[in-house]
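Across the two complexes that follow, chain A remains constant while its partner is chain B and subsequently chain C.
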Partner chain A sequence: MNGTQQLLAHSLDANEQTLRDYFTKTPDLVYCHLLIGEPKKRALLVYLNTLVDKNSINNNVISPLLFETRQINTIADIQLPIGAKSYATIWEHVIQRVFQGETALFLDGDDHVLLLDTQGWPQRAIAEPQIESSLKGSHQGFIETYEKNIALIRRYLPHQQLKVETTTVGRRGHTSVALLYLEDVTHPEVLQELKDRIEQVDVDTIVNTGELMQHIEDNPFSPFPQFLLTERPDAAVSNLLQGRIVIVVDHSPSVMIGPMTFITFFQTVDDYSTRWMIASFLRLLRLLAFFMAIFLPSAYIAALSFHYEIIPLNLLLTIGESRERVPLPPLLEAVLMELAIEMLREAGLRLPAPIGQTVGIVGGVVIGQAAVQAGIVSNIMVVIVSLTAIASFIIPNPDMSESIRLLRFPMMIAASLFGLVGMVIGFMLIIGHLISLESLGTPEGSPFAPARLRDWKDTILRFPLWMMRTRPLSARPTQLTRQKKFRK
Partner chain B sequence: MKKYMYVFLCFLFTTGCSAKTQLDDLTLALTVGLDTGKNGKLLIYSVSPVFNKEAKNIYEVIRTLGVTPRDGRSKANAFASGKIVGGKAQNIIVSKTFAKTHDMFSYLDVFYRDPKNSTTANFIVFDGPLKDVMYIRLDDKPRLSVAIRDVLLTAHKSKQTTKINLLEFRRLSLDRAQTPFAPILRVHKGDLIAGGIALFNKQRKYVGSLSQKESPYFAILNKNIKPATSLTLAIKGLTKQKEYVSISIEKGDFSYKPSFQNGMFRFDVHIHLGAILTETTTHIAMKKEKKKLEQLLAKEIQKQLEAIVKKMQTYEVDPIGFGLYARAYEYKPFQKQKSWSKAFAKAEINIHPTVEIISYGVLQ
Partner chain C sequence: MKRYEFNEITIMQYIFLISGAQIGIGILSLPAQLADIANTDGWIAIIIGWLISIIASTIIIKTMAKHPQDTIFDLSRRYFGRIFGTLIHLAFVAYALLASMTVVFTAIHITQVWILPNTPNYLIMILFMLPGFLITRNGVRVLARYAEFVFYLTLWMPILIAIPLQKGTILYMLPILKEGWAPIFQAVKTTVLSFLGFELAFVFYPFLKEKKHAIKAMVIANSISAFTFLLITVTCFIFFSPDETPSLIWPTLSLLKTIEFSFIERFEVIFLSFYLFVMSTTGIPYIFTTVFGVSQLFGKKDHTIVLIIAVCAFILTSFLYTPSFSHIQTMGSWWERYGLWGAYIFPIFLFIYVSMAQWFQGGKKK
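Our next item is the complex of A and B:
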């Protein structure tokens, strides 16, 4: 059948025939013939019984229809105890809605169809976020149904300025995508940019939010993420209030937030519910971890290959002793160990939890002890690799953590080729790239480049909440005041 | 992306790979020793750590005969297990006999000129032939180079000797108003001992030394009393018999006042020392006799300080840097002097120390 844009027919039989032509090999499609009203009139109820709530259909649709005693002339006469209902006249709409779990009610002699919201599909209960756990934040995480996800966000912001715009992406999947933003805060240009980009996405379907992110991000060749993916409603709300846009994608338990800045990937919701000194300390720790994760192995390689002078003598003697039996040059030793750690991590991630522990033990014993005793790697290298791994795990955002882990390999190669000079070149390239990076057309390096001193209150340190009275400029908010000065 | 590729390609042509110095392939000369050898040649020792469990010794000593230190190193490379480098040199040791007869600068030149060598190595004078220290067996100590450094630093902290690195040695040597000095190391019954101070003249030759006992007073004159300078003084006069009093000097105020009269320099040195009484061998009623004790201590310290200044004047060396004050406050006469050392030897130096006991412990 082609041309789903065509209109429905008046005749029920014709309509049913069209349906049967379209839904071939669809055993879960139910055709339920009914005679309703006085005098009896033929009606047809069509739904996919795998996607509907059967209780709702039986109680709220079929039962009232069977006991209908009034005269039914047009479909508008039908009164049903279901809130969300709509009418359609075009086949495309009907078919799409049926596939989304709605029930279509056809009435003989009417070219309108009543679409009833009877959706009910297998879904997960709202549970604790798995990836981004937190100590003080809420224990509700997003799930795979986007209505529920929007509901979770609305619970925090019951305000008329929180706008939701929905659209669909994908020719086959018709994945629902909702944009949430505060209308009086979010900059219209940024919003328009995002809408344009989503509109241009022409794919089969979006299986996960991460796919949509890759289709619309500013620089696909950057190692750094330009959108934040989170499974935490509180994180989403916190970003909404900073003038950012939250993109909720159906079927996906993580929502996407943009535009982002580089430093926001080092922040967590916990930072704001912890007292400011502790939060600031944790942020410094994370920045330190960032540098350690990128530079520690390369610094070791550079020092051992070029600049033995910069190592204090006592440490030099220790390194010399520990490298005594190691047959590999520092670069190979480091790459070997880093790859081993990455493999362990990946293995632990993909394996089911009970076996995952075994990986940890095997890895710990093999790498921590056997490799050193066998003289393949040195003790110092094990310490450095472990420190690097732990440093990369401290970074709260998994996307950022992964990109940093990736970056240390080119850094190691640069260090082994050019020593500290290579490291400096690598660092400069990273910095240069970061300050030129954009997220939804806004500078990702903000508030460092361009320098916006006022926003530094919420970057390396987290100033006390009562001092942060304005929203960050990075998302170009149209309304800056976040709170009044109420504390002396 | 293309842009980045070009940038990266440019880097490939920069230096790097050839300048590689893999730690594993190096022999780190941590201690370099210079001594007089046969036929007026130079005997060069280099001590480097060995990282090998199968090796019996944890450090190797290489001895070569050459005309200069670099010549010696080139020869030593012939039988070292890795390329010898001096970037981590900790100690440069010269024997006393060598130091007496040779201008140090001709032999230290390579350490200053080659930027790959460390200029922060300690410069040490060894009392005796160098083979005594190079082949010493220290079973209860770490590697020789580390042991020498540690012994020296500890002795320096307790003011039993002093400490100077190559850079400071050069600065003092080149300054018209000063002369260099160096700590003395010796071996006594199989033990390393650092104590005393070697004094060099303007020609960078060894001329004499201060004993270990005089070293704390040298430190005081040098305004170097931190963290604390400990003295044990023999005084008479409180109980009519010889008694010992130990003090630990915690702080000091110094004033060096130079003046020039009748073709002679004159220095009035006022030193006010704040000391803690740490030990006495007799009972002193501190409340009553504090003033008296302070005066006795000051007198004893004055005696010692004057003695070492006298010694320096006889050797015609000025390691303290009296010349710096002369140059600063009496520039014209200073400038006219042909040799500051000669002028310093003739100068009149009056030292007036005062001692204040700031604490006498938890006893009455």
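Our next item is the complex of A and C:
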């Protein structure tokens, strides 16, 4: 068939032929011929067997059609117990809808086709999020169907200002993408920027949200994430209320949120349901972990190769003793161990659970006493590598945690070349990069640089909830007040 | 016409940009110079220098406020015509270049003396130019954000410097005015120059968003610097005594040598590495001014190409030329001599000239 913009024919046989020409080698496409109404009129039901809910078709479509006793002249006369239905006259629409699991009903002598929402495909039940587990928050995680994901968000915000805009991305996949935002809070410019960027994406299809994220992010050469990926509806809602935009991509269990700031990657929704002192402590802990994960191995290298004079004598003797048998220079020793632990992590991630335990045991032996006894690495190095690994696990956002793990290596090289000066210059470069980084045109370094003191209440510390009366300025909300002062 | 709208900076950023440019390398040797000239009364000179620099910066702001969208480069072209305007333009660029050279080479020298004695200076130069390039390339806005961030990041440093105060002898501060006012006024010349950095208002003023607070901002910026200078000078005097301070080349760093923890020794190594942040907020604005000035001279909006050339030139210079300590001191004294003219005398002259020119033009209209 050339050109799917063609209109349908009046004749049922012609329409069926067109369909059969188009859907070759599609064994799951069902053609169901029916005679309906009094007097009998020929009709054709077409659906993809694999994408529909068969119960719904049998009970709600075929059964009422078979027992139809009224006279059917046009397609509009057909009444069926299905809520979502539409009409189409162009082949392109028909074919696209059939591919999305809808059922097409053709009637002889009518060039309109009735499209019925009978979708039903294999999908996972809503389960606890795997990557971001929570202690106190909701235990529902997003799944692979985007209608369900939108439903999960709407359950939190039954409000008319929560707007949903849908579009499709990809020439082949026609992946549905939905933008959710609070219309009276989100800045229109930010929203428009996001829409423009999504519109420009021209790919086969989007398999996962992460792909779309890379297509639309501000700086593809940055090691840092500029959008938040989450699989928790409560996280999505919390960000919506801060004036951010949630992007739900079909068949992907994680939603994307933007514009983000750097510090938000160190926060979780659980922070808000914990009492503020504890939440603040946890945030400080994460910030400490950030610095440890980046700088601890390089500090070790710098101290040993350049500035051993800053280590007190007793400690220096201990280190010297434990490094006595180690033939490797500090950089090589550190890189070796860091690479080993990265490999362990990656191995544990991909292996099925029963074998995964083995990795843990074997790894524990390798990066442990055995390596020290064999004289490959020093005791101190083992301690440092373990601390670094634990520190990188504390970062709640997996994307940020990965960026930090990556940054550790150039930092180690800088430390081995220039000692502390190299580390400081590396830190300067990170800062210089972060403050010029933008997420959807808003500065990622906010609220520190540019400083917005009002936003500091929800950054390193988490102030008591009743003090957080305004939304963060970084997302440029049009409505700043979040709550009134109701507590003295 | 708002030429620099995209690059607007907030009042806070402006304050930290200026005070960041003021606090840098001068502070490391300031106590020694003051103790040398005025002995116990050196700190009074800082207060006088502070007042003078506030007056000078007010004059600069008053001049710039007449054409709020103009940098000094636009202004000189506007009032002095093509030839003289370009000359002033070039003079200012040369001044900024000298300043940035001095800062960078001093930073390298100090790094070599205190932290990395065996690393060749061109390697350190390459290392320093990396963040310099990254931050300068992105323009005033990122520069200002950087200054702001570094300010918060280095807030702990003055507290640390104040630790030796406990062990000091407050009697070293006495007697006040023991040799009268003459040595103090001599020392003012030194302190006035350590306030250099406010003249960058000539370049950064048009980028400021809330211009009506500009004078207040200059006062705050100068006060932050004055407070830091005072803190360090007084700490040095109390700790080392004004008689001993001149014998140290960098008394501020020697001060840190005495700080010791049970888990870290030679704390000044760590402190000095971190102090590179403070020095970077001095050097980078001057590098930016140089690069910005040159690209304005050629009428280019984007300064990336000039920046690349400048960075290459810096690195090349460090390959060919390793300044000794006396060279660096000479460079510093050139900067100071030049700065005295550029930051204190030239603004007064410019203010009078611009006011007169406006007065005459206003007269013509009537």
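What we mean here is this: the second predicted complex is superposed on the first by the 488 of 488 C-alpha atoms of A that agree within 3 Å, B and C clash if a C-alpha of one lies under 4 Å from a C-alpha of the other, contacts with A are read in each partner's own complex, and residues count from 1 in each chain.
In this section, contacts are C-beta pairs under 8 Å (C-beta built on N, C-alpha and C of every residue); 3 or more make two chains touch, one makes a residue touch a chain.
These numbers were taken from a predicted model, which means no experiment stands behind them.
A.B. asks: When the two structures are overlaid on chain A, which partner does A:F23 contact: first (chain B), second (chain C), both, or neither?
C.D. replies: In the superposed model, A:F23 contacts neither chain B nor chain C.
A.B. asks: Of the partners chain B and chain C, which touch A:F262 in the superposed model: first, second, both, neither?
C.D. replies: In the superposed model, A:F262 contacts neither chain B nor chain C.
A.B. asks: Now for A:E309: first (chain B), second (chain C), both, or neither, which partner does it touch?
C.D. replies: both
A.B. asks: Touching A:G320 in the superposition: chain B (first), chain C (second), both, neither?
C.D. replies: A:G320: touches chain B, not chain C.
A.B. asks: Does chain B (first) or chain C (second) touch A:S436, or do both, or does neither?
C.D. replies: second
A.B. asks: Does the superposition put A:P329 against chain B (first), chain C (second), both, or neither?
C.D. replies: first
A.B. asks: Based on the superposed arrangement, let me know which partner A:M423 touches: chain B (first), chain C (second), both, or neither?
C.D. replies: Only chain C; A:M423 stays clear of chain B.
A.B. asks: So in the superposed three-chain picture, is A:A451 touching just chain B, just chain C, both, or none of them (first/second/both/neither)?
C.D. replies: Touch status of A:A451: second partner only.
A.B. asks: Going by the contact rule set out at the top, does A:F227 touch chain B (first), chain C (second), both, or neither?
C.D. replies: In the superposed model, A:F227 contacts neither chain B nor chain C.
A.B. asks: Following superposition on chain A, which residues of chain A contact chain B and also contact chain C?
C.D. replies: Comparing the two interfaces on chain A, one with chain B and one with chain C, the shared residues are 306, 309, 313, 418-419, 421-422, 425, 429.
A.B. asks: Can you check the complex and tell me which residues of chain A touch chain B?
C.D. replies: Result: residues 221, 304-306, 308-309, 313-314, 316-317, 319-321, 323-326, 329-330, 417-419, 421-422, 425, 429 of chain A touch chain B.
A.B. asks: Within the complex, which stretch of chain C touches chain A?
C.D. replies: Chain C reaches chain A through residues 10, 12-13, 111, 115-116, 119, 123-124, 127-128, 130-131, 134-135, 138, 142, 144-146, 148-150, 152-153, 262-267, 269-270, 273-274, 276-277, 280.
A.B. asks: For a test of understanding, state which residues of chain A touch chain C in their complex under the given definition.
C.D. replies: 306-307, 309-313, 315, 418-425, 428-429, 431-433, 435-436, 443, 445, 448-451
A.B. asks: Which residues of chain B touch chain A in their complex?
C.D. replies: Listed in rising order, the residues of chain B that touch chain A are 1, 4, 7, 11, 14, 16-17, 19-24, 26, 28, 30, 49, 51-53, 85, 87-88, 90, 118, 143, 146, 149.
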